[in-house]
Every structure is written in structure tokens, then in C-alpha cells.
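Heads up, the next two complexes both have subunit A, just with different partners, subunit B and then subunit C.
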Partner chain A sequence: MAESVHKELVAPSDTRHLVRIREIVRDVASHCLETSCVNRVILAVDEAVANVMEHAYEEEPEPGDIRIALMADDNRFEIVITDTGREFNPQTIEVPDMAEHVKQGRRNGLGLFLMRQIMDEVSYTFVQGLRNELRMVKYARKPIEGGQ
Partner chain B sequence: MSLQIERVQGKEFPCLLINGRIDTTTSADLQKSLEDVLADAAVKKLALDFSAVQYVSSAGLRVLLMAVKTLKPRGGSVVLAAVSAEVQQVLKISGFQSFLTLVDTLEQAG
Partner chain C sequence: MPELNIQTKPLRDDAYLFTLEGFLDAHTFEQLDETIQSIFEKNVFNIVADMTGVEYISSAGAGVFIGSLSVAQEGGGNIVLVNPTENVREVFDLLGLSQIFMIEPDIDAALAKF
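And then the complex of A and B:
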């Protein structure tokens, strides 16, 4: 069985913690991904976490926590980001056409566009009244569809 | 984490020398500096020295988009000089390379 690395952290929903989270992502993702890929993955995670920190708890009197579970084995890096704020399903957000985006002067959807461009899998689960859970995966070697 | 921004006046257009990471915590500083420069309607072209920019997230891209949108009706453009390989990757992934002019050195911007 391949050796794997696991880390978990809970941080207050505050963008001042982004720097520490980036370093932990670098540490775990470096287990299986090359440096340039790690840098892109850090950006994707940064977009996801910043989105939670800026929006998940904006209707609540006190910001909650954000829980991050990271795993890497020989072939893939996986991260699960959980918050207990308001429902946000990135799969319902339209991914922008960048040329059209600029033409119209629109600014939303960029972070999500980057997450989808960089990561191999982006999936979302919402448990009513309990939590939002965003899971993203990056493969060191992308599996062939329908292969063994 | 702060972003250092210094304005210098080139021969024909203003330049901003930027040092640091442009992310959700610092993008407002860049936006303020760009708005100050672009408030002068005579400014058509703007150069940004990115040689000391290590990181750009979507928050930074949005600010660059604002500058592009402001200068386009004036027939102008935003030039990024000395962009690191990492930041070039972000511009490529996002498709922003096609909206910006990239040059190797600030001198080549003019």
C-alpha cells in the first residue's frame, strides 16, 4: 500500500490565516505533485478558502471556523474544505467565458473558473443546517477514463 | 502581508513598481493605486513592473481587469513587465494573457 500523508486543521474564518493554510497545502501537495503543479493547486485552494472566508459567514453575527482536511498519496492530492455558513454550491455558478467577461466588465466567477481549470475534480456537498463541504482532487498522473 | 507600490513617471506613461503578493488581503491596495493613476483621463497606457510579484490570485486579476476596462475606451492598454513564470501560469490559465501586454523588461514597455 502506498504511503500517504494526512493533515487536518481548523482555522477561524479570517483571511489573515490564508498564508498559513498555503504553507500547509504546499507541504502536503509536495508529497506527490511537482513544484509548478503545487503552486497552481495552492492558488485553487486559496480561491476556495478565500471564498468561504469572505462569504460563508457574512450573514452571521460571529464568523465560524473553516475545517480543512488534506491527503496525499503517491498519485493524488485531495482536500476537503468544510464550513457551517450559508449554502454555496459552486456547481450552480456559471463558469465565465473570459473574453466575454472582459467585454461585459463582469468580475465574478473568476475564482471558481481558476479552481475548475486547475483541479481534476471539484465536487460539493451541502448538508442542510450542518455544513458545506467542497472536495477537490489533483492527480499526479491523471487516470485514463474507463481504464483499470 | 502588505503590498509595496511605488509610482514612477515614465517618458510617456505612468509606471507602478509592485512588490509582494496580490491576493484577497492586498488587492485593495493595488486597486487604490490604480484608481489614483487612472483618475487622470489623459492616461491611456499604464505599465506595471511585476518583477517582484510572487503571486496573483483572482482578487488581483479582478483589479487588473478593472484597469483594462478603464483604459480600453481610451484606446490604451495595460503592460506587465518582467512577469515571473508562476504569475504567467496564472495569466495563461485564466486567459488574461490575451487582454494584457507582457514584456520582458520595464524598458520594453515604451
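And then the complex of A and C:
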């Protein structure tokens, strides 16, 4: 049976916690992914969490928490990010035309673009009145041991 | 230790050097944004950003350069990035920004672009 690593944390919706979250992602993702891939996955998660911190609770008097569940086994790294803020469906965000973005000085939509580029699976669930749930998966592609 | 350290100094009458160290993310990007705006307010639109000490950049950090580039160019200047680490370079590659921004190995090479 494959060994797996699980970690779960609850962070306040405040960008000052991003550094610590990136460290935790590195710790778990390193279980199955190579260093260069771990760095990209950290970026994808950072983008997702920062999106929640900046937008999910912006219409509420008190920011809520973000729940982050991480898992890695020999084959994949998986993260589920849950918040109780307003609905945000990443499927509605278009892929940016970067030349046009720069021309107009626009900055939005880049995080989601990176998440889709880096992760193998990005899926979103919204449960009305309860939560947003973003799930992302990155599969390990390690060389087969003993292979040529 | 601050998460982002920014030092600025004039290189010429029309150009400023930004030396950046640390993390350029959703928590720190406004610090850089405000510093760049303060240079634009001096009517200086050529910026050399020494990225040697930037350990991490997210889209929020890259977004500051995206948002500032058109302002710099409208003012007759430009933004040149110097010596980004492999991690930072990869983010620019992923975003397709490596073809849009000038990236140079050192400050002299960057200054020669203005």
C-alpha cells in the first residue's frame, strides 16, 4: 500500500499567511514531486489561496477562514481549498491575451491562468450558502525505478 | 526580516534602479506598486529592476510590472528586469511575459536599453 502524507490547516483570510502556507505546500508536495514541479505547484496554490484572501470575503464585515487540506502519495499531490465567502467560479474567467493585458495595464485573471497551466486538474464546487471548494491535482511523473 | 525589501537610487537623471529582495506576492506587491508610482511622479519613466534577490514572485508581483510598463512607455521610458532567478524567470515564461519585458544580465546592459 502506498505511503501517503496528509495535512490540514485553517488560516485566516489574510495575505500575511501566504508565506507559511507556501512552506506547508512545499513540505507536502515534496513527498511525490520533483523540486522544479514543487515550485510550480507552490505558485498555483499561492494563486488560489491569494484569490480567496483578496475576493471571497470582501463584501463581509469580518473576513472568514480558509480551510486547506493537502494530500500526497506516490502518484499525486492533491489540495482542496475551502472558504465560506461569496461564489467565485473560475470557469467564468477567460484565458488572458497577455499582449492586450500589458497594453491595457490589466492585472486580473493571471492567477487562474497559472493554476490551469500548472495543475493537471482544477475543479470547482459551490454549495449555495455553505462553501466554495477548489480542488487541484498534480500527478507525479517519476521515472520507473530500474527502467532504462 | 521584512518579506520584501526595496531600495531605490537614481542611475541617471532619467533612470532609477530598484533593488528588490525577498517575496513579491499578494501580500507585498502594493509596496512595489507605490514605490514605482512615486518614481513616475518625479517624471522618471526608465526603471531598472534588479531581481537578483527576489526569491519568489506570484502573479500579483508580475502584475505590478504589467501595470507599470504601459505607464513607463507612455512617459517615454521602459522597465528592464535584471538577472531574475530561475524561479522568477519561470513565472515570467509561464505568463508569456519574457517576450514582452526586456531581461538583461546586469545593470549596465539594462541601462544601455534606454
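Assume the second predicted complex is superposed on the first by the 137 of 148 C-alpha atoms of A that agree within 3 Å, B and C clash if a C-alpha of one lies under 4 Å from a C-alpha of the other, contacts with A are read in each partner's own complex, and residues count from 1 in each chain.
Note that in this section a contact is a pair of C-beta atoms (placed from the backbone, for glycine too) under 8 Å apart; a residue touches a chain by one contact, two chains touch by 3 or more.
Model, not experiment: these values are computed from the prediction.
In the superposed pair of complexes, A:N39 makes contact with subunit B and with subunit C alike.
Once the two complexes are overlaid on the shared chain, A:I118 sits against subunit B and subunit C alike. Look at A:L18: by the touch rule set out above, it reaches both subunit B and subunit C. In the superposed model, A:R141 makes contact with neither subunit B nor subunit C. In the superposition on chain A, A:E54 makes contact with both subunit B and subunit C.
Of the two partner chains, both subunit B and subunit C are touched by A:L110. Across the two superposed structures, the residue set of subunit A contacted by subunit B and also by subunit C is 15-16, 18-19, 39-40, 43, 46-47, 50, 53-54, 98-99, 101-102, 105, 107, 110-111, 113-114, 117-118. Per the touch definition, subunit A reaches subunit B in the complex via residues 15-16, 18-19, 36, 39-40, 43, 46-47, 50, 53-54, 98-99, 101-102, 105, 107, 110-111, 113-114, 117-118.
Subunit A meets subunit C in the complex at residues 15-16, 18-19, 22, 39-40, 43, 46-47, 50, 53-54, 98-99, 101-107, 110-111, 113-114, 117-118.
Residues of subunit C that touch subunit A in their complex: 3, 23, 25-27, 56, 58-60, 62-64, 66-71, 87, 90-91, 94-97, 100. Against subunit A, in their complex, subunit B makes its touches with residues 1, 23-25, 55, 57-59, 61-62, 65-66, 68-69, 85-86, 89-90, 93-96, 98-99.
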